[in-house]
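Please go over the structures that come below.
Look at the two complexes coming up: chain A is in both, with chain B in one and chain C in the other.
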Partner chain A sequence: MSLVSIKKNIFKDYLLVLLALVFVGFCLFPIYIMITTSFKSEKDIFAWEHVWFFKPTIQSVYNAFFIFGGKSVASFILNSLITTFTSTLLAVLFGAMAAYGFSRYKFKGSKHIAFYILSTRFAPPVAFIIPIYLMVNFFNLLDTHFTLIIIYTSMNLSLSIWILRGYFNEIPIEIEEAAYIDGYTRVEIFWKVCIPLIKPGLITTAILCSIFSWNEFLFAVILTQRDASTIPVYLASFQDSMGLAWGEFMAVGAMAVMPILIFTIILQKHLVRGLTFGAIR
Partner chain B sequence: MKNYSLRTSLYFILPALVIILAINIFPIIYAVWISFQNWSLAYVRPPQYTGFYNYEDALFFDDRFINAVFVSLKFVFLAVLIEFILGFSLAFLFNQKLKALNFLRVVSLTPIMVMPVVSGLIWFYMFNENFGVLTYLVTLLGFDKPGWLTDPDIALFSIVLADVWQWTPFVMLIFFAALQSLPEYVYEAAKMDGLNKIQIFFRITLPLLKPAIWIVLILRIIDSFKMLELILMMTKGGPGGYTEVLPWYLYTTGFITLDIGYGASMAVMMLILVTILSQFFVKKIEGKN
Partner chain C sequence: MPNIVFHNITKSYDGINDAVNNLNLNIKEGELITILGPSGCGKSSSLRMLAGLESITKGEISIDGTVINNVLAEDRNIAMVFENFALYPHLNVANNLSMPLIAKKLQKKEIAQKVNEIAKLLEISDQLKKKPNQLSGGQRQRVALARCLIKQSKIFLMDEPLGHLEAYLRLLLRTEIRRIHETEEATTVYITHDQEEAASLSDRIAVMNQGKLQQVDTLVNLLDKPHNKFVAQFIGNFPINLIKGFLLSENESYIFSVENTSSKLIIKENIKLKNTDLSNLTIGIRPEDFTIEDNITNQNTLKGEILNIELIGDKCLINLDSQLGNINILSNFSKEYKINDKIFFTPSFKFLKLFNSEGMNLNLNE
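What follows is the complex of A and B.
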């Protein structure tokens, strides 16, 4: 390779990295604004000329968690954690069972039922919300953890069944037959043979279910008032009076985003198959 | 193994089936029933059967509904188009074999995970006309202060910008994964056949990316069609209905004006549309598996 073409290649590499940096800058800028705003003084937050360099203060963070929302912020976070954790667990558990059933017993139309279940995932939540509200109200279950947990479980089940079915289909039937000959029962085969084999699938599914449940807003805002409300509801509830406390909102917002962000960046290689419903591996 | 009977698989399927029937299937049937009623929660009178009245009302007499449909279409078209072009090109960029790009690619996925309510919050702050950083930056470039969310000509584009920020990385991620899974030997064969770069792109890469293209298009169309949070946090459909997308109109009809019969009829129409789209999607991946 001649010197000129090496130089040309290096130049091209720099250009590519530069372009990528511009894109990453665009992606991170709003998050940078959120985090810096939560550490700014009120004067800097409302300054017309954007304050790039500032003396950080924890006043907003302190206000957000100890004065402003007081006890309620902690209880919203706790509600989010309870709802997300339980609904994810249930969606993965019931989803794995159903996926196994669909994968192992191919009755006429089993594939179509699986497709139909997947397509419920695409339905806009806003189209469900009126009947669901009336149902929940009828059973006197408004503002309970149970309601959100069961709804998120259901919304996630479609995805969970679909993804895990793909993983179960990849397990050769001979492995199960061998276990059967060794005297395992059906339930033992499921738990002790199949479940360990689809662990990556379970991780993928759990991540996606957690993202959905943690971030979900519409059902939470309609079906809870206070006792079972999650973080997005808290953030939206102050939307009308938002002119006042930007630092505090950004602090709560940052806190609401961080757990999922860290979690998924670490496990990002599991994401693609889930995000595309198993269409791309 | 002979005992893979219907009964045993039903035991495995049952818990999921019960939940899905109760929370997904039944509400759809219930929504259809509600949509045939004249039923408002604002009055204490029982629902009254009115047949297709709500549907006729929406389709032929409600300018707000027609407006919402068009605003939704405009939003979906603009957002998906921009996300597609950007995400597609960026996937090729990140597909170059460079160590630094690997790290940058992972970092750029961040917006996908941000809670939509929080995205709305951040962009609303950045769009503020008195102290928002974007307003400030634009005036530095010598422009007038734009009414990001108050100018009828701009408001929808501002929402599109926030949506593009959140979902371009998702499009990029899918195309990147698809590019990574393309078999190397095809390219070697193409080079041996003396195809140039442009021919390789159009004759080999593009056809091989077809499934990914479908997936991106349909997932993004369906998802942006449902988008509600950005509107709620930033414009509430304003100014003057210029950003009133269908989910937002449905939301206000159901839960602010409390006309649930009418709301349900719009919900059913929306469901029909999304079902058609998603069946299309399912066919595409069915073909692949």
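What follows is the complex of A and C.
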């Protein structure tokens, strides 16, 4: 390779890095604004020209956490954590079981049933809101964690089944057959062999399900009032007849992003591709 | 040492075509039998039915007299090596080997001891901490063999276990398999499409084609006394020469008149003709059963022109355009031949292979 072409490649690399930096800046800018605004005084927030340098204040953060809405933000976050964690766990657990069935058993109509499951996501959720409200009200389950968990689980289940079915399909059948020969039952094989092998799939699904449950607003705002309200409902409450309390809004917004961000960062190192490599041949 | 009996076994995947058709096979206790056949002949299906990985459409398989058709794979206590190893990719070698023992609910201490013993036997002790993807093909195969052995089953099933290995490793592990079969006093069913491997390993070879068992015998008998044309063609290092013609009886001997030529072969061997149509026969002569002559030595000496010469070790395979048509002759590499040379040759009929129009060998003593 000649020197000229090496130089050209280096230039290309720099250009790529520059483009990547611009893109990262574009993505992070809203988060930067969110975090800085939550530490600004009201005067700085509403200044005509954007204030880049300011004296930080924790007034907004304090208001958001302890005064606004008359209830601590921690309780909303706790509600979100309970519904998100439980519904994600259930969606992944039942999703994996169903996906294994769809992947390994070919029965009459299995393809149609799999498609039907996906089709439950075709209609906009708002279409179901009134019947669901009536049902939940009938069973006297309004404003409970249980209601949100059931709804989020059922909404995530189709996604979970479809993602995990692909992962199960990738497991060579011979590995399961070897486990039969070794003396394991189908249930044991599912837990001891298949589940460890689809770990990246389980993590991907868990991340997607938890992001959905964490951010879901429509059902949360209609089916909960106070006790089971989640963080998106709390965020919306900053908008009232007096306008929007930007500082507090941003402070809670930043807080709301954190758990899911931390969850994803912790889990992403387990997202290794090609876990089944080396099993056969 | 258990014995295994396949009784009228049929397997059909689609309900129309039979992958295995009415298989009857008696595997004696302590025997190492090889099922040999081309791809799609039903050998793997037969093995998988025995392992319990495939349902049986018709017939019965029994082990030591007990019918196992309805026994689940996990309860059959059979050990198996898969063609593509099928190791657990998420577990290291030690844990891969432990799996059959954990299923048997053995104590941890006992498991560790057995794993170490078997690893020592197969020389993989230094690989125990590695995952399958860190091992070479040969090492993975050893792990697969070790996992099969550690179960201490009395029936080993091996589905082309050496198919994906280099030639030298195949040789090495072949000996290992035979040795293990003997020390463990097991009954082994081995599947391969490599007849050299089958010959070196097994007590008997079962040849299958298109779902049907063709013949079960030792390699020597398969070579010399094939039951039918398929076995004659399939077995042997070099393809057998098949010459069509018809037979005439004359003064206690027979004359085989080669189709479309004026050539005749005089056969003095006794032939059992079993009411056969003598006008449509095929004679099979192995390339090794010809002698190259310097000149015409007897009535059966024929002439041919060399079309091609292939060197195979210390021998050469000569392709001839001869009075018998296009044939192959295996010759000791004593004299140098050239293409277009004309040579004389005489076929030997020590083990005459004469097939009728259905391809059955007429000349079997049975």
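Following the convention adopted for this analysis, the second predicted complex is superposed on the first by the 226 of 281 C-alpha atoms of A that agree within 3 Å, B and C clash if a C-alpha of one lies under 4 Å from a C-alpha of the other, contacts with A are read in each partner's own complex, and residues count from 1 in each chain.
As a working rule, a residue touches a chain if its C-beta (ideal position, glycine included) is under 8 Å from a C-beta of that chain, and two chains touch if they have at least 3 such contacts.
Just so we're clear, the structure is a prediction, and the values are computed from it rather than from any experiment.
Within the superposed three-chain model, A:Ile35 lies out of touch with both chain B and chain C [touch as defined at top]. Contact with neither chain B nor chain C is seen for A:Leu142 once the two complexes are overlaid on the shared chain.
Of the two partner chains placed by the overlay, neither chain B nor chain C lies in contact with A:Leu89. In the overlay built on the shared chain, the residue A:Thr185 is in contact with chain C alone; chain B does not reach it.
By the touch criterion stated above, A:Glu177 is placed in contact with chain B and with chain C alike.
When the two structures are aligned on the shared chain, A:Ile203 is found in touch with neither chain B nor chain C. When the two complexes are superposed, the chain touching more residues of chain A, out of chain B and chain C, is B.
When both complexes are aligned on chain A by C-alpha atoms, chain A residues 177, 180, 275-281 touch chain B in the first and chain C in the second. Residue ranges on chain B touching chain A, taken from their complex, read 1, 3-6, 8-13, 15-17, 19-20, 22-28, 30-31, 34, 90, 93-94, 96, 98, 100-101, 104-119, 121-126, 130-131, 133, 136-137, 165, 168-170, 173-174, 177-178, 181, 211-212, 215, 219, 222, 225-226, 228-229, 232-233, 247, 250-251, 254-255, 260, 263-264, 267-268, 270-271, 274-275, 277-279, 281-282, 284-286, 288-289.
Note for the complex: chain A touches chain B at residues 13, 16-17, 19-21, 23-24, 26-28, 30-31, 33-34, 37, 45-50, 94-95, 97-98, 100-102, 104-105, 107, 115, 117-120, 122-135, 150-151, 153-155, 157-158, 161, 166, 173, 176-177, 180, 186, 190, 211, 214-215, 217-218, 222, 231-232, 235-236, 239, 242, 246, 249-250, 253, 256-257, 260-261, 264-265, 268, 271-272, 275-281. Of all the residues in chain C, the ones that touch chain A in their complex are 51-53, 72-75, 77-80, 82, 84-90, 99-100, 103-104, 131-135, 137, 140, 147, 151, 164. Within the complex formed with chain C, the chain A residues making contact are 172, 174-175, 177-185, 188, 193, 196-197, 199, 275-281.
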